[in-house]
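Shared chain: chain A. Partners: chain B in the first complex, chain C in the second.
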Partner chain A sequence: MTLIDHQTWQAAVADLTAGSSVFVAIWAERNADAAIVHLAGRHRGAASVEVLSLATSSLHYPSVGLHHPAAILMERAIQDIHGLTADGLPDTRPWLDHGTWPHSRPVVPYPFKPVTGEGVHQIPVGPVHAGTIEPGHFRFSVNGETIVGLEARLGYTHKGTLDLMRGKAPDQAARLAGRVSGDSTVAYTFAFCRAVEQAMGVDVPPRAASLRGIMAELERLANHFGDFGAICNDSGFPLINAHGGVLRERVLRLAASAFGHRLMMDCIVPGGVAVDLTADSARTMTASLPDLLVQFERLVELYDKTASLQDRVVTAGWLDPLLARRLGCGGYVGRASGQDFDARRDLQYAPYDRLTLAVPCLDAGDVDARVRVRMAEIRQSVALILELLGTLADGELRAVLPDGVAASTGSAVVEGFRGDIFAHARTSEGLIAEVFLRDPSWFFWPALEAAIEGNIVADFPLCNKSFNASYSGCDL
Partner chain B sequence: MRKLLIESVFRGKLTEPPPIVSDGEKAALVADLDRVAQRRLGRSLAIREVDAGSCNGCELEIIALTNALYDLERFGLKFVASPRHADVLMVTGPVTRNMEAALRLTYEAMPAPKFVVAVGDCACTGGLFAESPVCVGTVEQILPIDLRIPGCPPDPVALLKGLISLIG
Partner chain C sequence: MGLIVPLFLQFAQMALVLAAAPLLTGFVRVLKARLQRRAGPPLLQMYRDIAKLTVKDVIVATDSSWLFRTAPYLIFATTWVAAALVPSFGTNMLFSWSGDLIVIVALLGTARFFQMLAALDIGTAFGGIGVSREAMFASLAEPAMLMIVFTVALVAGSSQLSDISNFMHSGAAGLRLSLALGLVALVIVAIAETGRFPVDNPATHLELTMVHEAMVLEYSGRHLALIELAHALKLLLYISLIACIFAPLGIAPPGAALPALVLGLVTYGVKLAAGAILLAGFETTIAKMRVFRVPNFVGAALMLALLGTLLLFVSATL
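Now for the complex of A and B:
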């Protein structure tokens, strides 16, 4: 880890503000009265993420959020977890700290941003929602049926995951990484393990890399199938949900029979993978996936030809491409609003470095565009899995991690189903000394708050589902 | 009339002691009633799910219960939006300190009698988060538990088995 001076820090922040680089993450580590703040960014067009580290002995650091709002939520989290002050941070309300921890700051009622105007009233929703979903609070300010403002308040699922990972052996820490957001367990373990492997200088065997790719694409398929149905369900069209649920289930059963776990939890381990794919399972997968795609295309046709459904999804929940760019939205949210970025193509990593990938990118920015990006990705994922299966090399499943090596850091970005997941790890004497995992949802929540403005309350579930941001993923 | 009333007061009561029902007769009557009630009302439980800090893995498998392959509703089990309509509180996650109050309120909002089901390793034992200072650890530390369905996450078949045992 190389420390930088304030001038270099400010220059990096200026790059973020100017838009020549994309904000990735900000996090901190604290040791008594000293702290180090890490800022990760990616120059547009660059093939890697750069991490800058600034030491502070005063527990203060210059706020990034002051100049680049995408960093505000993470700086509020740093304030709650580490007690550091971001000088100039425009919003200093607690974020993860709800006043319930042994080390909480003094409790005050959470001050929601005031929304005033004739006829404006508020609808508080959550943390317990009507459906089977994660907990979070939404404060709607509405005028009649129209939403004039939404403020999300999260932190309800904060488990102290990163803190639990510190001091653990890489294998144990990887299990925790796999439980940051269960729907992305493969992507998280993939990202975390790559960061650890880079830190420890380990090369993953080719067969393991391919199996990781197959798992990651199966995860993407399962989530895209399920969410396609769920979005249609929230539009009042449950038929596609019924079929989407079945397609998702078929993928999960393929995963269970091939890798022993429906969500493939703990199948990726530092150094490689924990389970092999038998020739039988590979044949089953090769035979089943094209069939799933045939069934899927019938649903796409139904989606296209149902006017009542199109009426709900087209123009609903519009995310301005300019805002998507400023926030650095990745995944289907970014790609539906003109952000042509996919970590698999742009920050190449095994096994995608030897595959060709056509990244769907649309400009419409509405619910429909987010659905269509996912549709294209479903077809692509099937093609990728078939190609990986067809070229699967024999060989080792796992490289041995060296123990007792000196402290070193590694970072990685993996394209999960939701978007790019960033992982950073420092290992020391074979243990995880420091770790940070950044979910794409950190940028989806502020994007959703903006996109929902002007929509009617009844369209919130639909718009929300089209973003499908993770709660646990950014509560950590 | 006054005379009649006074006589009635001093004569003691006319009501005879209740008939003695043998245990066998009682059991037969209860069984009859059960049959009629089941035919008319069926067996049905309304479930309110609360994520008390899970990673969302358990939620994915709980949602899968409603897909066409598992079809939870054929067993008379269905998810409801309000705790006021629920017989069963299904809880996932290691109960983060930030969700403790909301979990208690949800439980209190349910009419009695009610079941509490802890779903997943986190809810049952705290799982990988048992040592976290910002988690309570288990659902049992907050609410009385009637059933545990362990697993990380439990698959839909394990969930179904547990839930079917509730309606016996």
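Now for the complex of A and C:
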């Protein structure tokens, strides 16, 4: 870890504001009255993420959110968890702190942004919802049926995962990393393990790298199949949901028979993977994936030909490509709004560094575009899995982690099904000293708030599902 | 025949609609589930739900008034009476003189009125959303329904459903354009009024998209049971209405003997089943509309019904 001075910090923030670099994350660590704030970003076109660390003895640091809105939520989280003040932060309301912590700053009731005007009224929704989804509160300001403002309030699933990971051995910490957001468990352990491996200077054996790729793509397949169905369901077309559910289930069963766990939890471990893929399982996978794709194409045809469904998804929930760029939205949200970025291609890592990847990128920015990006990624994932299976090398599954090495840091970005997951870890004497995991959803929530404006209330579930942002991933 | 038999038949009719309504709703649910490759709920699940709800405690919102508590009874009573007035297996029931088609429309309108008042009474955001949507749809569906009534009454020369049904059954009406328009309009009104696809999603859990469900979100226990039952009765009512006007085949004529009554009962069952199958098939192949498209859809019913009535003034044979 190299500390920088205020000038370098301000220069980096200016780069973010100008758009020549992309904001990745901001987090902090605090030890009594001394604190260090870390800012991660990557230059557009660069193949790696840079982490800048600023030490502060006054518990104050210059706000990034003041100049770059994507950082506001994370700085509010820093303020709640570490008690650091971001000087100039435009929004200082508590974020994770709901007034129930021992050292909380109770603000009751939570001051939602006021929306005034004739006929404008509020609709509170959540945090308990009627469906089986995560808890989050949405405050709609509506005029008749039209949404004039939406504010999401999260933090209901704050678990203190990062704090639990500190001081643990990498193996234990990786299990915790896999539980930050259950639907992305593979991507999270993948990202965290890569960060630890970089810190410890470990090279992953080629077979393990390929297996990691297969798991990550299976996870993407399962989630995209599920999302495709769920988006159609929320637009009132349950037929595709039923079939999407079948496809997702078949992928999960493939994963269960191949790796011993439906969601492949804890299959990736620091240094490699915990389970091997037998030749039998590999053959089953090679045989059944093209089958799934045939079924899937029939659903795509149904999706295209159902006029009533197209009427719901096209033009709904439009996200301005400029805003997507400014917020640094990745994943299907960014790629449906013209942001041509995929960590697998642009920040190459094993096993994708030896594969060619066509990244789907659309400009429409509506629900339909987000569905179509997922469709393209489903086809791509099947092709990638087949290629990885075909070129699967024999060899070791896991490299041994060295113990007792000096303190060092590592960071990694892994493309989960939602988007790029950033992991940063500092190891010291073989234990995790400091860790941060950033979910792509940090940028989806503000994007959703902007995209929903001007839509009608009844279209919110549909737009929300097309973003499918993680609550748990942000609440940490 | 005396008074006993007609009285018995009238009560049988009232009991029949009440007993058959949950079965019909259950049947539609099973069909839809099968079409979506799901196992679906058991056919008799709605009876169990109602039985369970009736023994459960009622939770009443603290801000609600007497209106909230009495509305379920009013909604249920008016809907039940309306459903019992529609000829099912036989025409010219004992009480059929007491209400014609216009009365049925008025009874359903009354039920809706109380439903909306009760939803506003509790003062929740969802109640308000549901009411505003319901009012928007109803403001088009109710006049459409009245125009359909006029069309049919002009053709049959009566607004009494039994007379209309007998007239249609006699074949005197023949093929008429105005009736065809009326049928299409009535189907659209029925879909809108019973809260089915593409107007409303009867199975949704998404509070923000609900219409009918949003109005009854705060109900529990026996209140909810009555409202669910009333909703099931409404579906039965509309299918019966379409059947008795446009497919009176097999319906027992006035003073019919036992075999004719049995035939009427069997054909009635077949008609309900056919209606359920058509409904489930239609609902599976279409997505829900955007809320602001629904007025166009229901407005089409109003225009068709209006056209039907106008055609009759142009020529009595159209």
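Throughout what follows, the second predicted complex is superposed on the first by the 474 of 476 C-alpha atoms of A that agree within 3 Å, B and C clash if a C-alpha of one lies under 4 Å from a C-alpha of the other, contacts with A are read in each partner's own complex, and residues count from 1 in each chain.
We adopt the following convention: a contact is a pair of C-beta atoms (placed from the backbone, for glycine too) under 8 Å apart; a residue touches a chain by one contact, two chains touch by 3 or more.
Just so we're clear, the structure is a prediction, and the values are computed from it rather than from any experiment.
Asker: May I ask you to decide whether A:262 touches chain B, chain C, both, or neither, giving the answer as first, second, both or neither?
Answerer: first
Asker: Would you sort A:158 into first (chain B), second (chain C), both or neither based on which partner it touches?
Answerer: first
Asker: By the touch definition at the top of the document, which applies to A:458: first (chain B), second (chain C), both, or neither?
Answerer: Touch partner of A:458: chain C, not chain B.
Asker: Quick one: classify A:349 as touching chain B (first), chain C (second), both or neither.
Answerer: Neither partner.
Asker: For A:176, decide between first (touching chain B), second (touching chain C), both and neither.
Answerer: A:176 contacts chain B only, not chain C.
Asker: In the superposed arrangement, which partner chain does A:185 touch: chain B (first), chain C (second), both, or neither?
Answerer: In the superposed model, A:185 contacts chain B only, not chain C.
Asker: Of the two partners chain B and chain C, which one touches more residues belonging to chain A?
Answerer: Residues of chain A touched, chain B against chain C: more for B.
Asker: Once the shared chain is lined up, is A:130 touching chain B (first), chain C (second), both, or neither of them?
Answerer: In the superposition, A:130 contacts both chain B and chain C.
Asker: For A:417, select first, second, both or neither according to whether it touches chain B, chain C, the two together, or no partner.
Answerer: neither
Asker: Looking at the overlay, what does A:303 touch: chain B (first), chain C (second), both, or neither?
Answerer: Neither chain B nor chain C is touched by A:303.
Asker: Could you pull out which residues of chain A sit against chain B in one structure and against chain C in the other?
Answerer: Comparing the two interfaces on chain A, one with chain B and one with chain C, the shared residues are 130-131, 242, 246.
Asker: Can you list the residues on chain A that touch chain C in the complex?
Answerer: 121-125, 129-131, 144-145, 232, 234-239, 241-243, 246, 306, 308-309, 311-312, 456-461
Asker: In the complex, go through chain A and note every residue touching chain B.
Answerer: Counting only chain A, the residues touching chain B are 96, 98, 100-103, 127-128, 130-135, 155-161, 163-164, 175-176, 179-183, 185, 226, 242, 245-246, 248-249, 252, 256, 262-263, 265, 470-472.
Asker: Touching residues of chain B toward chain A in the complex: what are they?
Answerer: 49-64, 66-69, 79, 81-83, 93-94, 96-102, 106, 127-129, 131-135, 152-153, 155
Asker: Inside the complex, what are the residues of chain C that reach chain A?
Answerer: 35-38, 125-126, 128-129, 132-133, 197-198, 201, 203-209, 284-293
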